[in-house]
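Going in written order, the chains are labelled A, B, C, D and E, and every chain counts its residues from 1.
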């Protein structure tokens, strides 16, 4: 059974069916949206049933010729990297419909349709294993989002929508050029035209071209993430978008960027990735701190959460460019976490916005008395976003930081201060909204959270706790794919090992060459491994680092320090 | 004794032309003798067009006729079908438009058909004589069609402008042809090709000839800097005509150019002619997109975007390869669908054409005239080159060929300018869906069945090509191969 | 027998004069006459080459060009008449309803 | 002898065409254009194309120019004079035109000169032309009919009778 | 029980869930029952576990109860060297001590709260939080690895946040809670980095593995020092040591029992526990130890000085807590880990007693906390008075009460620490001064509160009443404990130091490091003598100043040296300093980022747009609408191309 195709096309089909509903039958429309998206979610759970934990490569693979002339296929596949993102997508969509049950009064039909189309696009982008197919979905998701922001958005929605669209399209069009060039290169080397990701891996590119392509791709994804200097579209888009739009935008769409880095940038351009990892890491660290600081002084709840997204996704990018298993696994998990917790936060902000039609912190205060249940949910969401152990946020952040600490200690230490800042701005938010005496009379008797909103929140909270308490469920399925990814990067060049263990002399120096080989499979985690065994080693065969010629250690040490300096 | 130089099967070869010519005359007579039965004209015309397309498919095996001056091949068939498609769409939109404006007449459809004949001649002519002749037939028809709405000063003014510029440009084309004739001792494209192939030298004089020729064709293509007529003419012309005008003649000129460039192929490495073409394309992309941004009149905006699109097509012409020819073919078909579609929706605006049809006229239509708005939006997305529309596929094709033949810089400029273009295409969507219309300002009316049908065709085509272009690619690819081999 | 390029140069001159006429005159009909002049210059070139190459082709071409010119004249003049109906002048500078 | 004729009529053609371009009165322009066409006809004769010369006189000088004059009279523009406006346009027109012409002549002299003239006379007589017309060029010849038909229909339509009625609507 | 240690934290957690979910509707009795049972259950289960432990192990081995693998990423197939931790609980002498203290005192305070919080609308919420705290604390002390410990570590932080902000509708409580959480976060930052270092250089965060690897010399010394310092940063955050002490005084905004449980007896001592837990690392890097000890000493004195002049009864106790925590850190810092833990225990007794007592006072004074409005309560609330007095004597360090022995052992070890003898002496002096201050301000508190005549309003006086049994019973128990608690660790010159012996296995033999501080008897006697005198002196001075004169002497002091007085009242302006140096600049920086940098970025984007538009407008200008101009453009194009290309 072509599960993935079903996943892609079911929402579209539902949307088409919906197009024939009478626009007056609002309840029917919403119900249909909810039902169909829920159905998609249930079906997507089938992925877990048929999942093979051991397989590193793509599973549920489908492949049909689409444009054979150019070797473009309708090729679908899913692996540990994309699995949870897909599930996140299918999981969030029904929640959106649920949360927006009473929120959307204007053109509900078109609203639901656009979200269904968006779901298709997002799932497609995650499971497309053909570069062009990916691009098609990648762009396709812009249109509905543009409409969602522009039609159902707030006061300044037009500006936000166009800004969002132009920023994104600017990046992705340049990426398109890069894609074409990449396919052209591989065509000239292999003689077979193809845009199949796995076959494009290891396309050898001249250094200069690789650099250009790296930036072409990175720009597109960095805008999407968004990485520090390119982030300004995000707050506007979030503030103006309707609740559902914000949830999808933060929950899934931003992940396209990080996912793109993982799936394309790293394996396609390993050397450049290593070369410019310091740059990317620096940017992400700046983003972490910057986003947190700016979030702290926002007068608008949604803007605050939006900037917090900048900060959180900075962690993801940091983990990706640390390029070792721990960090990458962490950042994949963190993508999911961020989707859940920030999604929840946006949902909750939307809830209170529905009731009070303001998002300014100044207008709130003492809300906890009127809406205790709501407050509880909010605090839980905040805590998971702060990264409280036992909730989802912690595991991801911890893995990222611990992993990238090996690659870039200084950067990591700086990034870790983001953990403090997160506490500052999020608790500030909670305090401003819920605590303190009731200053504004309108807050005295706001109706508490409604059934549909509770129904939307409960699954989110359950997931938060689940990931926090037993992340193994999720990590186990990622691990092989991540290892595989790292070998893909590895295959091209050994430099990466050095780079990813930069600023880490003692560990490297304690490494004994045979271990370097077998552990070479997974780049970054080596040092830890060697430390772990280093001592035992030294007991077994006297001086453990006998295998390594000293000058090599020296060199690695040197360019490590170099990396440090450049950072 | 006179023996007309007629190869066997010639009557089949030019069957489409014959049908169209005859059809045109019949329609005129019909209108003349049964002035009451105007409503039957459009269906009849449609019938003629359909018959022609059917005739196209009748004649399978290609070949050259009339002493090697007239070629029938896959590519000509594709382009003929493009012309016919354009003609049909224009006709369908025109039906409602003319009916509304109360100026329906047999002449209109007749001229449409004869113009199509002219284009077919441009597409098939292997002799510059035929090409020029076709071009003239086309021009004559356009002069009249543009000025067809005689009551309107703008329409008349448009036809005046187009006429003067057109005649002017014709002068240059002719002069260029003459100079080529002087160099190659023939105006037959194949002969010219042989002359070039047999080491014919390209003197600067020939370059001048090329410049003159390009300027003339550039005029028809509305390539910058030969473009300035386009916005005015599109604005003034009856909207369906404008749509047709923005597509069909360009297609015809392109295929003629393809033949020429193909003939010149041997000499091109030695001369900088393609640099000029590149310059033209870059200029067009830049000027077209940048000026389109500041337009509020829909038709002018589309005109400028059209200029830009020709720029994109010229990218593919820079190096003539199977791919590029196929790309041009695909692009023209796509462009026909989306541009005529867009103009068609505009043609539904009930408004005195003397005043511009601005964005405000479509404000808030998104949720009133759902179908038309959706069609327009789709056309816009396609024009902007966003997947999953045909526009994306064809643009992708163009840039792919560009990169493969190493014109990365031009491609880059193309990409950058198309980023710019996204802005104004989206602005249309924004007016459609996100803006509330001014009170009592309801200019988009529910068009008749014809317009609806045309839009359906356009939408279907855009999506079909966008989602599954393979068959089209195959056809175009083989056709191009055939074209470039002989 | 007169060398061919004499004719070519003559036609070039005439063509240029025609072009200048188009560019500098406002009277639509004069402009059109200048265009006719250009076309005739082209004819001259064709004929010159035709004689040079001993080809009837060029001559035929000229013949067709004449037909084209005639057709253009017919339509063009009709257009001018309509223009005149609209605004009692054929000064093309007056035709400026549409710009920018 | 030939040369004398050539230069004389070349001068005539040039001068009269200059008059066309420069003289402010369209009627004068039209008439001088006729003169220029005559001169050209002579050139055709020199080029051994008597048939075309005849056509030139009949079609151009005859039909087309008469049409022009007719229109001019119809719209009685004969008294219309145009003041010189748009100096920049004028200036650019002349300079650019001059540059273009000079360049053209330069290139023609440099590359367009044929060393050897064709040996033997070349008679593009009516017979030759007619034969070619109906053998090799039958298709374009037929197409010309469509061209002319379109032109006629168009002309009729544009300046047609029903115009006023429509306008009335 | 041993193999289901996880039950111990789960029981109170269940209580939390029950109360949290249905407590509001279920009513007070239900809530009370659940809460009390939960805490009692935890205590009992813990005790059983301890008993079983004693039955199984005789040399203080480490018992591990592995539940499941939390996460472990990037390791070899066998998981070695991976980053992650197990959900597994451990039992060893150290955690047993903590376990007993936490569970039983926790239980007592639950009991007390029943009375204290009785007519609070947030009753259910309160007990839910309290249970949650209990379970988090238990995770903290039972966790078998730094990472799992960190879970409890943050958990208690959260609970303290929630409980400090318990009166969320006031305007002072929520900020205090936020402050507590954020400052703790700063500490946690250090903790995190320390763990990263462990993963990087040791490859594990399991207590045993870390200690063994370190002991094996598998870790470069500078790294050890770094780890030690970073861990101490965490500890300082949790245990309110300079410079992170600022949150604890504000934390008094919470209900008094909370202050007793969290901010005196258990949570704040977590830092001490962690340092003791990491004793191997510390003993291997004396520098880190010295820092710990010094900071402890400075904090002890500093806080004590502030305590000298506070008028909020709870604030006084808060500062004394900070100061006492300083003592504990001196202990663990100079290498006398058992001493530090010993003081931790005793302090838990008497400080809990003091806080509860103050709570009872406040209860009696119907919410009044300012000692300037109290006085003469001795007769009104005798039980409270006596228990309070006992605890005071204990904390002031009068022999033979608990405080005396623990503090004395610490000071003695400080004096004779082998790691940094010179500094040790200095620390001793600081500690002694702090001890003096402690004695002084504690007696001041007692005299101001219970002696003299009543200074409050009439209705307050009218309401005065002894607290209910649920409150007094815990007081009595704790008072008794603070009397006899000293017996746990008698100095060897007098008797037998049970605690030291008990903890001995938790402080393993490490090459090149001392296992315990050897104090020779003269020093022992000397120190004991001195501290006794100090305590007496403090009492004497306080009595002279406050017994009869009460408030007057404070005013006198204010008149004599107003600057100092105000400085002390304002806690030496530390908060203001932080505000000016950290918070303020940071905020303005953020505003600059937001208003400035973002604006610039947007500006650049907008600028591009404008440039494009401008170009458009310029080119559009050529579209004059005049056909001759078009012809000219056309022709110019031709000419230009001719010039260029021909």
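Here is the rule we use: a contact is a pair of C-beta atoms (placed from the backbone, for glycine too) under 8 Å apart; a residue touches a chain by one contact, two chains touch by 3 or more.
Treat the numbers as computed from the prediction; the structure is a model and nothing was measured.
A.B. asks: Chain by chain, through touching neighbours only, how many steps does the shortest route from subunit A to subunit E take?
C.D. replies: 1
A.B. asks: Using the touch definition from the top, what's the fewest steps needed to get from subunit A to subunit D?
C.D. replies: When the steps are counted carefully, the minimum from subunit A to subunit D is 2.
A.B. asks: Farthest chain from subunit E, going by mean C-alpha coordinates, please.
C.D. replies: D
A.B. asks: Which chain is in the middle, if each chain's centre is the mean of its C-alpha atoms?
C.D. replies: Of all chains shown, the one whose C-alpha centroid lies nearest the global centroid is A.
A.B. asks: Could you find the two chains linked by the most C-beta contact pairs?
C.D. replies: Looking at every pair of chains, the most contacts join C-D.
A.B. asks: So, what's the distance in Å between the C-alpha centres of subunit D and subunit B?
C.D. replies: Roughly 30 Å separates the two chain centres.
A.B. asks: Where the centres are mean C-alpha positions, what is the separation of subunit A from subunit B, in Å?
C.D. replies: Centres of subunit A and subunit B (C-alpha means) sit 45 Å apart.
A.B. asks: Compute the distance, rounded to whole Å, between the mean C-alpha positions of subunit B and subunit E.
C.D. replies: Roughly 79 Å, centre to centre.
A.B. asks: Need the CA-centroid distance for the pair subunit C / subunit D, whole Å please.
C.D. replies: 5
A.B. asks: Two-or-more-chain contact residues of subunit A, please, as numbers and ranges.
C.D. replies: Touching at least two other chains: none.
A.B. asks: Where in subunit D do residues touch at least two different other chains?
C.D. replies: 86, 89, 92-93, 96-97, 100, 103-104, 107-108, 112, 137, 140, 144, 147, 150-151, 154, 157-158, 163
A.B. asks: Mind pulling the subunit E residues that touch 2 or more other chains?
C.D. replies: As it turns out, subunit E has residues touching two or more other chains at 620, 623, 625, 627-629, 631-632, 635-636, 638, 642, 646.
A.B. asks: With touch defined as at the top, which chains are paired up in contact here?
C.D. replies: A-B, A-E, B-C, B-D, B-E, C-D, C-E, D-E
A.B. asks: Hey, which residues of subunit C end up touching subunit B in the complex?
C.D. replies: 8, 15, 18-19, 22, 28, 31-32, 35, 38-39, 41-42, 45-46, 49, 52-53, 55, 57-58, 60-61, 64-65, 68, 71-72, 75-76, 79-80, 82-83, 86-87, 92, 95, 97-99
A.B. asks: In their shared complex, at which residues does subunit E touch subunit B?
C.D. replies: 609, 612-613, 615-617, 619-620, 622-623, 625, 627, 629-631, 633-634, 636-638, 641-642, 644-646
A.B. asks: Which subunit C residues qualify as touching subunit E in the complex?
C.D. replies: Going by the criterion above, the answer is residues 19, 22-23, 26, 31, 92-93, 95-100.
A.B. asks: Taking the touch rule as given, give the residues of subunit A at its contact with subunit E in the complex, in rising order.
C.D. replies: That would be residues 163, 167, 229-230, 232, 235, 290, 293-294, 296-298, 324-326, 329-330, 366, 368-369, 383, 388-390, 394-395, 398-399, 401-403, 405-406, 409, 412-413, 416-417, 419-420, 423-424, 427-428, 431, 434-438, 470-472, 475, 479, 504, 506-507, 519, 522, 524-525, 527-535 of subunit A.
A.B. asks: Spell out the part of subunit D that touches subunit B in their complex, as residue ranges.
C.D. replies: 103-104, 107-108, 110-112, 131, 134-140, 143-144, 146-147, 149-151, 153-154, 157-158, 163, 166-167, 169
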